[in-house]
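The structures come next, written out as structure tokens.
One chain, chain A, appears in both complexes that follow, with chain B as partner in the first and chain C in the second.
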Partner chain A sequence: MSKRSSPNLITRRRFIKIGGTGAVAVLAVACAPAAPAAPTAAPAAPKPTTAPAASGAGKPGGQIRYAMNNEPDSLDPAKTAQASAFNVMMNLYDTLIWQDPVDLKYKSGLAESWESTPDGLTHTFKLRKGVKFHDGTPFNAEAVKANFDRIVDPATKSPQAASKLAAYQSTTVVDEFTAKITLKTQFAAFYDALSQTWLAIASPTAQKKFGDDYGRNPVGTGPMMFKEWVAKDRIVVVKNPDYNWGPPFWNHTGPAYLDQITFVGISENGARLTAFESGEIQVMETVPEGDFDRLKKSGKYQMVVARTPGSPMTIFMNTEKAPFNDINVRKAIMHGLNRTELINAAFFGLYSPADTPIADNTLYHSKKAVGMYPYDMEKAKKYLEDAGWKPGPDGVRVKNGEKLVVDFVDLTTYEPKVVATQALLKPLGITVNVKALDQATRVAMGHKGEGHMFSTALLDSDPGAIQLVYHSRNLGGFDWSRIKDAELDKYLDDQAKEPDTTKRAALLEQAVMKIMENAWSFPIYNFARLFGVSPKVKNFRTHPIGSYPYLYEVSLE
Partner chain B sequence: MRERAAALPMPRTGVDSALAANPARALLRRFMRNRSAFAGSVLFGLIVLLALVGTRATPYDPIQMDIPNRLAEPGLAHLLGSDHYGRDIFSRLLAGAHLSLLIGLISVSLAVSSGLLLGLPAGYFGGWVDMLVMRVMDLMLSFPSVLLALGIVAIAGPSLFNVMLAVGIASVPSYTRLVRASVLGIRGLPYIEAARALGSAPLRIITRHVIPNILAPLIVLATLGTAGAILTGAALSFLGLGAQQPTPEWGAMLSEARNYMRLGWWLTVFPGLAIAITVLSLNQLGDGLRDLLDPYMRNSP
Partner chain C sequence: MGTYILKRLLAAIPILIGISALVFFSLKLVPGDPLSAITGDAVIGKEEADRLREQYGLNDPLHIQYLNFVGRAIQGDLGRSLQFKRPVIDEIRAQLPATLQLTAAAMVIALTVGLGLGILAAIRPHSLLDGLTMSIAMAGVSFPSFWVGLMLLLIFSLALGWLPATGTEGFERLIMPAATLGFGAAAIIARLTRSSLLEVLQQQYIVTARAKGLSFVKVVFRHALRNALIPVVTIVGLQFGNLLAGAVVIETVFSRQGIGRLLVTAILGRDFPLVQGVILFVASVYVIVNLLVDLSYALIDPRIRYA
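Presenting the complex of A and B:
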């Protein structure tokens, strides 16, 4: 698994398997970054983290090389679950609708308009006319039906797209440019799902023609056309000269500015950095924090911190195991671990502290839980005293002859976070053992509850994703705090089906408050992806989900 | 060298007869004249001294983070600079020195004692004992020693103690083979036969006559082996199998620093140098001892 997917992401495939409902798309992140925005005066609406498109035309022409940290497994949206594949596919395909990165509303894509019945079960899409796939196949309602039917077909074995369409019943071709989609059950995140590239529309002709090899010969309607894929080396895409059907929020219309984009997968950080600094590549993904700081200070590059929506990097405390079966000890950690210091120590201050299980740039973020656990050493000490943990002779607290020692299990790559936690909790009299392990081992330990502290972030544009780490059906899965709470389960189940946005926001707020009041998890910092961009590249900005760049908007100086 | 030492008849020859009055002083004088052995022992002595100091006192707390002073260049405040958490590298190296030495000492002691325990009976009695012991050793030798150590730690779980154990176990075969070969070389010599004729029990012959006469090559191998053990230990810690955070073990320091190596050369250079100098001093010492103790090399410059 680790070979096929980016090493710092919990594979979505696993998430989905355990996620169950499929109501949410999840890309969980092992640990991560956030934007430098201070979360003090949070606005009523979630804070957009992507800037509006810059006005003014870019210069057409030129090509860039883009370095990801791994090579995708497939470019068939129905058959991949990888972030790197999403990155490439966003250029090759269009979705029926797009989420605006600034106002987070859904805008027209291949569908010009849509309406749904009040029960939320039937959705009718009026499709754009005159759109052609790269192989000349016309885009129409038949293509939509063919794609969605293929995704839910068990024979496709879709790792990600099928879970987005778990509520899907059927598509009816009303006329050539009208498709009616019927759902089996209410599904609050349906439009969000449709806006993600996993549900992009591929050419049915090409899918038939290439069969199982379609993933290596992708044909979409997007601004770039697939040219070649040299295994273990590069994927090349070139401009689609006919393109004129992008979402309204992009910075221009018509074909993309760039003639060609070459995607390369370089997994070794050092090699990727060297290629970037030598000018061999123009955009670099996943810059190590220390080097991000260094490159930023050099002033030679555009260094981009792209916030991701979903759940912040969160510490999960195993509530089934002593000492975290005691709420006082959990609260002591939440008051006693200074998040700002942790971010400074481990991540060179690149991310912003988080406050609630739903990040402040995500739909239905609520301010209510913000500031519930400010850093307060005295309060933390008092909670520990109340719980019976008294300072021992060597500074480590003891209770009934037992020392206050906890194991923090995390991914090797994110050892700095654990080491910083260890150092910051030491003054409190808590010994933290660092268990830095490989992805498979640490996930297995989290699932089995072997250890006291675990951490992960979730990447998703829909906040319903949090069910994955808080719903009791995921006990034995990603419910690493081992929460079994019927009330919380109900909030999470109800919000997934609630079509009314106000009611859904209220349900999610109740869920968040429940989690925070019980100190079940400790949101640490807002996750972000770190990009290094050559100064020659203009208009670099990212998509709201997982912060994939809109390379369509990019032009060269 | 092993074979030659083993095939050696009676080592005491004429050159040193003038000094025979006080063999210990003669050995010391030769030792001082041997530049490699002298330099190695002085350097190693210094490292041991620093390690002893390091367990008691260091300029800074080796695990205390100091974020405002992170990545400080080597200078007056931080002699060898500070790391990405602002921890003083010199203090960490000092505090970690005894760990590296302990890895060497404990694993080699384990290997030497196991080597003696297995090699002596194998060489002295021969027959099925020899057969059994040596086939097992051959089996162990068929794995590269680092791989064997890696496997042992992987099973036992990552910890510094397990690394010592693993490195020790992995080097048992070479010591066993050396001991056995040495014993084979002297087993038939007249003084052993004489002891046997006088009715000495095998245990007495082994402890009184065999062990003292096979010590020389064993000391040389143990000295060189300590250097090897420190390297292997550092390698296992580098792979995250040895010392766990925040223990300032040198291999672990090197491993942690490699993620930040572009931010400051001193992060990787000094732990690397510390390992290199320690290993070098032991290798020099071992080479010198071999020159001194191997009679074939005694008269060469």
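Presenting the complex of A and C:
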């Protein structure tokens, strides 16, 4: 049994330098110094994008209003898959372990230490003593078992947590504070999964008491306690005065600084902006790019670009349909679509360009694929010529009497990106039809392959999640490029089970190279969440998964 | 009267069944996967998606799903929201007070402003006052409510900082949404009151009343207005329905609680049980309001009687 108190998934740590000044420095514009070339097969140390916690005690007290762009569906971690729910739940619950946002290692949470058998199938967790749920019941090994058993129970109908625990077999309560978890199959991302709030530990007593309505009456062990949820208006959480079991990387110990946080869901961008600018809310999520620029220039607010790990915002090209069934046409896009111009035109240059399927702030990012397809209009044109697409009379390329026309299906809020793509591909002789739709429709079209181009980013702290968009088992799901490649499937399957980090990194690199060599997708930019934060709010920084803020660390001036 | 009401209520049943079938099957024609209601913006695996579809009964044939829905609805159970994982009826109950409050406040504004402006314009036709009030009414009819709402937000929240931009709690959060919503209805009521009252004022009995020496004010309010109000009442009833519909936009613009915002979330999320429930509820309200309008004729005009 290999014993480790804190599993080391990265061999080397890189120190980061903070860019920017003042409070805004917390943000995600942290830039890493140019790194010496790493041996490509070794687990690459990613570029963390969250700054270390600022030292110095904050002033306790006060409250903030926090605006999201929609209301959560449920605050039961087992029953939701929504980002807005994660945001609130991070304050209400603790996980067994936490991922450090700076060195990306896993640190103690509700579990103080853990060990695993060399086959990676059995994991024993020593739990923290003296932790109480908000309803006063004790946290113990029984609670861990009850939560995980409930997640995998089909009656729970879990949309996200159950897939994170797909490999779960059972939990054995060894003693009150020792839980032994057995897996059915090897699962390399197990610790990562445990660090995500979807697998947070809730009070089994409260789950029994509220039954189906538990999601409206959440009870965790976290720094904030649930107070009320007025549907379509607000969710209020208040300070847990007993809290003293946060992860070691937080900026203080003991209870949170804030007395109260009120979460509101405001879907209308204009209303959310007005509420923020009039001082009604102190933190605003999902600032529209155009307004972000304006608010930043005003100098009145802390404007935060919080990078998310996982896959960059990527265009998926439907390989089952002409013209993208021809690799030459896909390569023409890879060379002919100018990322920087796209980011400038559609997003005011707010995001950084990305050119591989695993973002460079994510575990196992490999540099090998970086720069494979530099912007080169001539090369792009040559690929199109080779594919038989010749310039037509109106500038649009033609082959066998067919015009080179593709449909780009995307979300209405992403329309600027689609329109910029349309403009940037026009000189190549490609006509792009803009199909801007709502989420439910465009996802259904992607799943059915109705269209040529689709786009999404993938938010996950573990890069193995790219299988969701590249593995053939997800054809009819999010495999929007409609890739059916046995070799790629094997890399993705093997990496998911590989306990050795070096070997896992190599497998993921092979997968990435396979995707890039076949030009199956076009990574555009590193996805980030845009926050507007009042200057009164101190120590605002975000979590590595999906960039949710650690409101525990926040204090008011 | 009692038989009449009973008959009308019985007639509402096939209407509601028709509406529910129409909504149910037209929702199925709308593109988009109802699984979005459950998974939101998350990227999930196909196996998980298939498992969830099965678990939530989304794979059942359409007519089975509809019959299940009707069977439960008859027993007063509108099902559970896919998105919010709780009974549809609870969702409606939670949102109803805010919408009623907004609609009532908007109605008060619409009636006061609309009747006031309409009467003013009618007693001095073709005067400057008439021109002014009718211009305001014209603006009220033509400006879309979301635009008026955004303008009010810009002026009173952002520029002046007098009123909060979003939320539901408290009187100060009701002013702007109610004014926006009431404005359009006020305009229609004003125009109708004016034309209806003008017509009545030209009747012979008005001339008689004036000739008898009654004061102009007494003639307008006691004799003319009562007769002029019949078409206005019909419109006010219809406006009540329009206000409910308008709440969809207003509640979204001002991020207020309410049935309208609930419906928008439900439609965008393809939360079919919730859409069904809300529409069935709103349809029932329409039916009842129409009945009340018809009954109110008898109160205003004693010549009308229901058997």
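Following the convention adopted for this analysis, the second predicted complex is superposed on the first by the 513 of 557 C-alpha atoms of A that agree within 3 Å, B and C clash if a C-alpha of one lies under 4 Å from a C-alpha of the other, contacts with A are read in each partner's own complex, and residues count from 1 in each chain.
Keep this in mind: contacts are C-beta pairs under 8 Å (C-beta built on N, C-alpha and C of every residue); 3 or more make two chains touch, one makes a residue touch a chain.
Remember, it's a predicted structure, so these values are computed and weren't measured experimentally.
Upon superposition of the two complexes on chain A, no clash is found between chain B and chain C, which fit side by side.
Touch criterion met: A:434 reaches chain B, while chain C stays clear of it.
If you count the residues of chain A touched by chain B and by chain C, you find the higher number for C.
Of the two partner chains placed by superposition, only chain B is touched by A:418; chain C is not.
By the touch criterion defined above, A:108 lies against neither chain B nor chain C after alignment on the C-alpha atoms of chain A.
Contacts of A:345 after superposition: chain B is touched, whereas chain C is not reached. Taking the two complexes aligned on chain A, the least Cα distance separating chain B from chain C is 10 Å. In the superposition on chain A, the residues of chain A contacted by chain B and by chain C overlap at 270. Those residues of chain B whose C-beta lies close enough to touch chain A in the complex are 63-65, 67, 84-85, 240, 244-246, 256, 259-260, 262-263. Within the complex formed with chain A, the chain C residues making contact are 30-34, 36-49, 51-52, 55-56, 80, 83-86, 91, 94-95, 98, 150, 153-154, 157-158, 161, 164-169, 252-258, 261-262, 265, 268-270. Residue ranges on chain A touching chain C, taken from their complex, read 70-71, 73-74, 76, 79-83, 154, 157, 159-160, 162-163, 212-213, 215-216, 230-234, 264-268, 270-272, 274-275, 277-280, 438-441, 443-445, 447, 456, 458-459, 465, 467-469, 473-479.
In the complex of the two chains, the chain A residues touching chain B come out as 269-270, 273, 288, 290-291, 293-294, 341, 344-345, 412, 415-416, 418-420, 422-423, 433-434, 436.
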